[in-house]
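Dropping a structure here in structure tokens format, bear with me for questions.
For clarity, chains are labelled A, B and C in written order, and residue numbers in each chain start from 1.
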Amino acid sequence: MFKINYSWGNAHWIVPPIIIGVLCFLFLLIVIRRAINCAKTHTPFINLHYHFFIENWDKVKLIGCLVLLILYPLAMQAIHFLPASIIFIFLFNVLFCGVDKLAMIKQGGGLKNEGIKSVLTSLLISVIASVFIWFIFGTVFRVTLP
Amino acid sequence: MKKMLAVLLIAALVMTAVFAQGGEEAKATFKGQNVRMVIGSTSTSGDSYLIAETVCRYLAKELGCNIKCDAVGAGNAFNALGAAKGDGSTLMMFHDMTYLSVMFGSQPEKYKLENLTIGPRGGINAVSCWATYKDAPYNNLVEAAEWLKANPSKKLLVACEAGGVSHVGYVVYWKWVKDTYGDDVVSRMKVVIGGSFDKKSQLLWDRNADIIFADYTSVYQYTQTDDAKIAMKVVGLLDNLEGVNSPSYADLGITLNGQKWSFCKEFVIYGPKTLDPALVAELDAAMKRANANPELKAALEKMSYGTGEYMDSAATSKHIFEKRNAIEPLIKSAPSMDELTK
Amino acid sequence: MVFSFTYLVMCFIGVAVGIIFGALPGMTATMAIAIFLPLTYAYDLHTSLFLLLGLYVGGISGGLVPAILVNIPGTPSSITTGFDGHPMAQRGEGEKALKIGITASFVGGIVSLLCLWFLTPPLAKLAINFGAVEKFLVILFALTIIAALSKGDMLKGIFAGFLGVLVSLAKNYTLNNKFRLVPEFMEPNMYSGFTLLPVLIGLFALTQIFQEAEKGMKENDFKPTDISSSDDSKKFHFSCLKGNGINLIRSALIGTFVGVLPGVGGSAASLLSYSQCKNFSKHPEKLGTGAVEGLVASEAANNGLTGGALIPLLSLGIPGDSTTAVLVGAFMLQGISVGPLFITQNPDLWRAILMALAVANVFMFIIMFYPIKYIAKIINLPKARLYPVIILMCIVGSYAANNGNMFDVWTMIGFGILGYFFSKWGLSAPSFLIGFILGRDLETYFIDAIQGSQGSLICFFQRPIGNVVWVMIVASIAFAIWDARRSAKTAK
């Protein structure tokens, strides 16, 4: 009962099954608890009206954020750290500020235009942050950058 | 039209000049390059990093380039080397684990020595040893075997790592004991797997191991202390070392198939298969100068490592292949760790 | 030892740079020391020590800043700091929380320094009595914090914790060199499993960014600047720490002790201290909602680690945590080996270390305490402008975690997405992370223990120190269950 069959060859597969066992047991408990709760409150076990996202979720920002995040490392490998970072940090800024701001640019009006101002700020932040990080970490501290 | 022609002509001239210069620059050299030297260990306090960092400091001066040592670990180092171009921007400096890890199956076949460019040797670490607790009833590995023979009820627990230098060292000892003392004695030797020095010394202090494998530098102070609980003594070195009195395998007469045997970790620069031969030659020349620099020698010896005699890439390559080919049949014929730990 | 001005300058630079590394998500004290290690070659050992210990103390302390302000722990050991620090910042007490954290850090650092100074030999003796069984139990004990954390839904919290343990095991098992839980095509990259740092910043930073993106990056309705300066309760006074004296000392000692145990990761210090704070608290239900106690416990413990981790290093030659492991390299490069004779053979160095640690703690306090009110303004920056820069930092940090490895960047992004799903399923990311951090040590010591006992589980109940830890584990779990029931009742 209190003995585990230990040998060198199976040492890597002693703890994982225990953990998987515990996880299955806990999962079962969670399911049973939900079943009991559902029975008590007379709600269906599987919620057909389940919404994964919150109401009025911002599709552009969430999906855009994910896409940019995946493209960013790829771009770094292709065109190196500094140019990729300037481009992508700029894009993240534009995205998070709202793409609709870009539409305002058409209205013209130079620096007073909200859209142009926002884009310029984005550009400024991306250039300053990227160059700063590249300089401090890549050059001064010699951290290996992508 | 004439203007246009003139412009075109000038443009063509400029371009020729640029390309011509480009052609000249294309001759491979380390000069002015940023070289990334990956290390097969993640520890920045282990011999791999310390030797590489020290050697590369002098090597970079000789090459006229920047070298950055990155302790990325074996898997990542091999991956980096696998993806590297032949321009010398990524190199690896690592010890015998380079081929041992392929031999033991912890790295894929595609990273075997045949698929790498072997550069010059950078440094050596000869100080691997076996140690036991101070009041153990034996003073060296031979006495330990004798003690096992005299006490048929006793066992000898030996802590080492699977698939490393200690594994090789153990198998040689194991085979020698088997050949000299027979199956009964050798069957009472059992391997306990321990990782880092602190794990292994804890095993020793808890008497969950009788003999542990370690770096002589880590053990040294423990051999000098009076604290009975933690004091240790060295029972065998893999290779002789100047200024160290403890006996080596060779001194003890522990042989492999009747031949003298010793093992010293050698730190060699490896490059991708496609590494430009001109760069290898440049490395050789630079390493030769660095190797002759007494400052580098002193810096390594301060940590009880060494530069070793200068060996260029051709000599290193021949030597490392020979070393591997000598060990391979031994590992293949030795019992698996599964049996050694039983 | 000649105490020179150079030492002070080096220490100051070390602390300042260390704080920056600690405060940037993705950069850690370990990284800072590793970067400066080759540079110290140019200096003598004393000067290097002032620099490196400054980096160490600064790096551990800096982690509290992002944990409190943006709920992204700057280092693994400041995970618990955000539990109470961030809620405080959200209700406009950012500066106060930071100052409490800094003061607690300072006290933790000084207490551990005193332990290092006066108690090194006995503590080192105690440490070597902790074999595999005891270490396994201490880690198990640290894991019980998951039960204490998952208020409301303990079952899911424990599930998340064990999931974290399982994921941490997906790697090549060093003992017998075999892969498990890893698909074959990932094996070359997963040799040592997922790296902690990318997992940490993925789960905390990226998940948070995804959530905000989903909400459309709207700014907080509440602006911390709205508070009128007359609101005294939101300001820091040293009296904020009143009633926390015992908590401070206890947490600092827990931190020191975890530091003393080699092979028990530094993050366990603040975890243990936080759960003990909850167990001893008069108002355990307030922890996690912005209680000063919790913040104090976390910060005093992780700075307590600094002195503690140096104890086994200087008395046995065995580093107490990953950062001090890098320090071994610094000694080696200077030709000095650490081991049981270090202190007696190098009395000069020993005094220099004590002095450096004391100076570093004082500098840390000065550098952080006074300018912090300006740094606290980060919380006022618009998210749309702050998050892109955080993303940049996270990517640089992940890439640098193993000295340049793109797989770690993908790990970070992957765990960011996973954390986002966790938030949807009601699984706690901190619990998962705690499981992940402790999982590997848990397995290692379990296997080591049964390797010693030939597979018998009885060994876990045969050691006196171990049995004491068992009692604490059971008490801790029982308390968590009792506390959960009580708060469930009051909620009704």
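Here is the rule we go by: a residue touches a chain if its C-beta (ideal position, glycine included) is under 8 Å from a C-beta of that chain, and two chains touch if they have at least 3 such contacts.
Because the structure is predicted, anything quoted here is derived from the model rather than measured.
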Comparing centres built from CA atoms, which chain ends up most distant from subunit C? B
Taking the mean of all protein CA atoms as the centre, name the chain whose own CA mean is closest to it. C
On a C-alpha centroid basis, what's the spacing between subunit A and subunit B, in Å? 40
Compute the distance, rounded to whole Å, between the mean C-alpha positions of subunit B and subunit C. 33
Using mean CA coordinates as chain centres, what's the subunit A-subunit C distance in Å? 23
What residues in subunit C touch two or more of the other chains? 175-176, 403-404, 451
Flagged in subunit A as touching 2+ other chains are 8-9, 11, 142, 144
Which residues of subunit B are in contact with two or more other chains? 36, 70, 162, 193, 337
Which stretch or stretches of subunit C touch subunit A in the complex? 31, 35, 155-156, 158-159, 162-163, 165-166, 169, 173, 175-176, 178-181, 206, 209-210, 213-217, 383-385, 387-389, 391-393, 395-396, 399-400, 403-404, 406, 409-410, 413, 416-417, 424, 442-443, 446-447, 450-451, 454-458
Given the complex with subunit A, which residues does subunit B contribute to the contact? 36, 68, 70, 162, 191, 193, 336-338, 340-342
Which residues of subunit A touch subunit B in the complex? 7-9, 11, 142, 144
Would you tell me which residues of subunit A are touching subunit C in their complex? 2-6, 8-9, 11-16, 19-20, 22-23, 26-27, 29-30, 33, 52-54, 57-58, 61-62, 64-66, 69-70, 72-73, 76-77, 85, 89, 92-93, 96-98, 121, 125-126, 129-130, 133, 137, 141-146
What part of subunit C is in contact with subunit B in the complex they form? 34, 37-38, 41, 125, 128, 131-132, 172, 174-177, 188-189, 191-192, 262-263, 312, 316-319, 325-329, 332-335, 337-342, 402-405, 407, 448, 451-452
